[in-house]
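The two complexes that follow have chain A in common; it is paired with chain B in the first and with chain C in the second.
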Partner chain A sequence: MTEKIIEQEKRAFLTGNEVVAWAALAAKADIMYGYPITPQNEIMHYWTRLAPRYDKRFLQTEDELSAGFTTVGGVLAGRKAFTATAGPGNTLMQEPVSMAEMLRLPIVVVIQQRGGPSTATVIYSQQEVTMTTLGGNGEGMRVVYSTSSHQELFDYTIKAFNTAWKYRFPTFVLGDGYQAKMREPLTLYDPESRGIELIKPEPYVGKPGTPGVDRAPSQFRNTYSMEEELLEIVNQYMQDYGEMAPQVAEYQVANVEDADLVIIGHGVVFRAVRAAVDNLRARGLKVGYFRPVTLRPLAVPQIKEVFSNSKKVLVVESAYGQLARLLKEAAYGTTAEFLTMFRPGVGITAEEVEAEVEKILG
Partner chain B sequence: MGKITRIVLAGEGGQGVQSVAEIIAEAANKAGKQALYIPNFGVEQRGGVSVAYVQISDGNIGSPKFKTGDIVVALSERAVRRTGKYAGPDTTYVYDSSIKGIEGELPKYAGRFLPIPAIDIARHDFHPRVFNIIILGAVVGATGVIPLEQVKDAIEEKLGYKFEKQPELRELNFRAMERGMELVDAKNMRESVIFKEVAPAYEIF
Partner chain C sequence: MSKGICPVEPVMPTSWRKDNKPHKFCPGCGHGLVLKCLGQVVDELDLQDKVVFGCDIGCSLLAWDFFNLDAVQTHHGRTTPVMTGIKRSRPELICIAYMGDGGGYSIGVQHLVSAAARNEKITAILANNTQYAMTGGQMAPTTLPGQKTETTPYGRDPELTGFPLQGQEMVSAVCREGAYVARGSVANQRQLKSYLKKALENQLAQRGFSFVEVLSTCPTNWRTNAAETWEFVQEKMPEYFKLGETRRPADMRGEGLANG
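This part shows the complex of A and B:
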């Protein structure tokens, strides 16, 4: 049962859902709770196939509310617990995620975005950005990694567990239906063999000793009688969040120094953005890209810098302005002309981005 | 970015287009190339046209889906109607020559049309079930970017468990694939009896 999950680094050719299951194993997750919804189903399928071999657990619940709350319970019991969902399931998941925010519980949630609103399509979108970054009745006290390749899906799923357990905020890996279902190569590895320390989970409840005598009592509240009490706790959490932000915010940037236009995209759309910048540069157009890897917290100083030094920015997303809205807040006070290319619920190719840029730059 | 090859495969459920796409992508990956395969999927559980998108490149691959294929393969009447939009002036459009009544449905702007009698060949010379392997051969031949050895490896990986039980299937599949490659081999195209029998449609553009 102590069998090492990935003996040595190996190149694999997998679907994104398989990648997530392997990454959760590599991160030494103990248990997955889940309820089926396309396009994330195979995360559960692969996990349930792999889990018994490594003494891991799985619980199928009756819906996403329950999947989220059982994940909360798993974490309270000191297990590295995660769940995965999409679309309307993500909507329901916001309730238990809010509780995890209030109790500072390191649950990990993988989202494979599908079209919205409502049932819409089971295929693809980037329309769960607002909900994943700022959902629930709270202040968006969560970390959201937006991946763009299978290698990143592996890397950031592992990282999500560490971020969650280090800072004790719920942490999301935000993929999409394309990433879920497509196959592409990546390298699987054992994180510890690469020198990545995996943070060990610890129980919140049921600790040894007598509370008040051997240890401080455990008290986890999501209910407050007094407004002032709540104010104090939320202010404290937001201060913690603010201190964490520069440690976890990640971004990728290239060719912006002399750029007439900077293209911004996240997730799978970034692949098209990067290809478009390569192709446009080859044709002599001065364009660069900026890509937020964490959508929450955003790399605010770097975003301000891009928006201050560029004449024009073009935000490209498979949603109607969900990333754009986050960027506008981050870039408040800067002067770049703000251009957008919104394609809610459909894929975006490099050729389409190039055509848009050529139209803008004449 | 290196040169990129984009392939669309479409057919009825059960014709095996997803398996073909998976084998092609896996073979390209084995050959050390970047490869990306994505199936279409929707809410319908059956009855839809099955479409697969494959990209093979020496460099980074951009978005998983694309607008125009270098090679577009349609294996049924509905697949022909569905895939017209993926054809452009540089597209090789491959379809089964036994599909009836599609003259008006073929895309107007494909670079070259390749009708191939894969269904007939599978039925008469091999076995109906290797039809998709003939198609696989045709795609491998038409792209010319995936080495045969890795294609055979990928077939072995996918169908090896069947070959264990019936070793003669291995030879049957490999021969079917090679026959598929011959069908699209430019050298053979002119003399081929096959291409005399079907009206050459590749002058439409």
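This part shows the complex of A and C:
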């Protein structure tokens, strides 16, 4: 039966996928639905080993469409349900996520990015940013946390369930193959003993009482007959999204006040960016960094500020401009020179970033 | 139609919502007959506080607010996994996945077959009207040879597009002990009702997957009058789609496989 999952804080040395499974347990997730795809498989492997010990469930589905739609079902039933996928699986996942957007269903999806397009590599990339932030036939009504360390994978997976159930938008944890597969130390903790309140799920269907007798039936649709009906719904959702944005948007910034150049990176690439800034500062170069933690919604006012106060901005990513496109939209109307370092599907080291910066600053 | 036109309210199942009747299906559509049988069965089994009703995209989507039941309209072909997800999370709920032949046998066929193979303890009901009706009458896997549709304007040529998919037999083939699989017709409501009842009783008994295909009508897209419509569903369709039960759990009460 259920017992407290993490009795007291403990240091651990785990792979990222293992961390996600522990975090989902710590967040009191009830059920995982999943379909195998590298590099996220071990999330399922660890969950299926841990789940029965804590009265949790798992279903291996026939594909990612089904994994997403069964997750939708789990949430409709009032359970904290989640899934995990990558690459071509993320492509299929966009369909159930769009239904979750329309019905405001708090599904949680963990993405461990792999190379693209197509099957590409099973290894690593940051090429699922566009799809994860803005995928589906809609308006990108989702929250996307981009993690850069195993501690963050743990923290933000827990946070993702809370954000999803608080605001009722589908929520992603966006990792990558490096974070999934490498081993790193972190602190595991019980969120409630750190004062983090875990938001309780509620059923959408299967509520108490007899529909039509004790209460109105609880009925949900995603189809509208009239343009105006749809307009009203989408406008309302976007207003809710806009009101949520400043409360959810997160970022990290340092050394930008006197900087000649601000380097921007997210996810695991941010580690190289931060190390490069430290090394370049030590060599006397005036550089700073900005890191969006949420890729959707972005911390737009802070991005505008950075782009307004800097002469040059260098965007570094393991994709061909997917983060850069989001930043350009957020920074519209500002004046900084926009420089880029795109390495689609390959890792980026601090040394490579430093070399690029030295080239720019001469 | 306003309420004033019909002085006597017709008898409706208590599990139906009366505030949004008459329903939105075309005149002569089979969905109303299927949902009448289903409503009566929900009443007889006293399931109104336990059922979650899921409907697909296609004409079946119009059923989203049809009943006094908690309900969700899903995507095209995805009702089976949504109801599977609900059932896996809350096994005490009675989950009904309602779909058409396009949703169940074409775009969502992997979900239907996989749910049957896993013996998911849900009830899937599929209305087969031999074409995609909501989109204006295109060929479906179930379109009969020679049948004219918008994408087979000269009649379905099996040489080019194959023969009608025998979906009920396909589902039956992957099922194991505990499953209930049958094919009924709106042209035989007593039989259809008994199949739907067994399909829900089987879920209540937690034996396994339950599936009922229902031969249904679409005079709008068939471009048939009442007599031709009835002839098509009662005579033509059963030539390819045999009525009857193909799987019954060993401990289900009543006689053996009841063939139509």
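Here is the rule we use: the second predicted complex is superposed on the first by the 354 of 362 C-alpha atoms of A that agree within 3 Å, B and C clash if a C-alpha of one lies under 4 Å from a C-alpha of the other, contacts with A are read in each partner's own complex, and residues count from 1 in each chain.
To be clear about the criterion, a contact is a pair of C-beta atoms (placed from the backbone, for glycine too) under 8 Å apart; a residue touches a chain by one contact, two chains touch by 3 or more.
None of these values were measured; they are calculated from a predicted model.
A.B. asks: In the superposed model on chain A, is it clash or fit for chain B and chain C?
C.D. replies: With chain A aligned, chain B clears chain C, so fit.
A.B. asks: Check the residue A:Tyr178 against both partner chains and state whether it touches chain B (first), chain C (second), both, or neither.
C.D. replies: It touches chain B, and chain C stays clear.
A.B. asks: May I ask you to decide whether A:Tyr145 touches chain B, chain C, both, or neither, giving the answer as first, second, both or neither?
C.D. replies: Neither partner.
A.B. asks: By residue count, which of the two partners contacts chain A more extensively, chain B or chain C?
C.D. replies: Higher number of touched chain A residues: C.
A.B. asks: Once the shared chain is lined up, is A:Arg57 touching chain B (first), chain C (second), both, or neither of them?
C.D. replies: Touch partner of A:Arg57: chain C, not chain B.
A.B. asks: Centred on chain A, what angle do chain B and chain C make, from Cα centres, as a multiple of 10°?
C.D. replies: 120
A.B. asks: Between chain B (first) and chain C (second), which does A:Leu76 come into contact with in this model arrangement: first, second, both, or neither?
C.D. replies: Touch partner of A:Leu76: chain C, not chain B.
A.B. asks: A:Tyr167 contacts which: chain B (first), chain C (second), both, neither?
C.D. replies: After superposition on chain A, A:Tyr167 lies in contact with neither partner.
A.B. asks: For A:Phe290, using the defined touch cut-off, is the partner it touches chain B, chain C, both, or neither? Pick first, second, both or neither.
C.D. replies: After superposition on chain A, A:Phe290 lies in contact with neither partner.
A.B. asks: Once the shared chain is lined up, is A:Arg271 touching chain B (first), chain C (second), both, or neither of them?
C.D. replies: After superposing on A, A:Arg271 lies in contact with chain B but is clear of chain C.
A.B. asks: Have a look at where A:Tyr35 lands relative to chain B and chain C in the superposition and call it first, second, both or neither.
C.D. replies: It touches nothing on chain B or chain C.
A.B. asks: Between chain B and chain C, what is the shortest CA distance in the superposition, whole Å?
C.D. replies: When the complexes share the chain A frame, the smallest chain B-chain C C-alpha distance is 26 Å.
A.B. asks: Under the definition above, what is the set of chain A residues touching chain C in their complex?
C.D. replies: 30-31, 33, 57, 59, 61-63, 65-66, 69-74, 76-79, 81, 95-96, 99, 103, 203-207, 209-213, 217-223
A.B. asks: List the residues on chain C that touch chain A in their complex, please.
C.D. replies: Residues 14-15, 17, 48-49, 52, 57, 61, 64-65, 67-75, 78, 81-90, 93, 110-111, 114 of chain C touch chain A in their complex.
A.B. asks: Under the touch definition given earlier, write down the residues of chain B that touch chain A in their complex.
C.D. replies: Residues 1, 22, 25-26, 29, 34-43, 60-67 of chain B touch chain A in their complex.
A.B. asks: Show which residues of chain A lie in contact with chain B when the two form their complex.
C.D. replies: Going through chain A, the ones touching chain B are 11, 13, 38-39, 121-123, 177-179, 181-185, 268-269, 271-272, 274-276, 278-279, 347-352.
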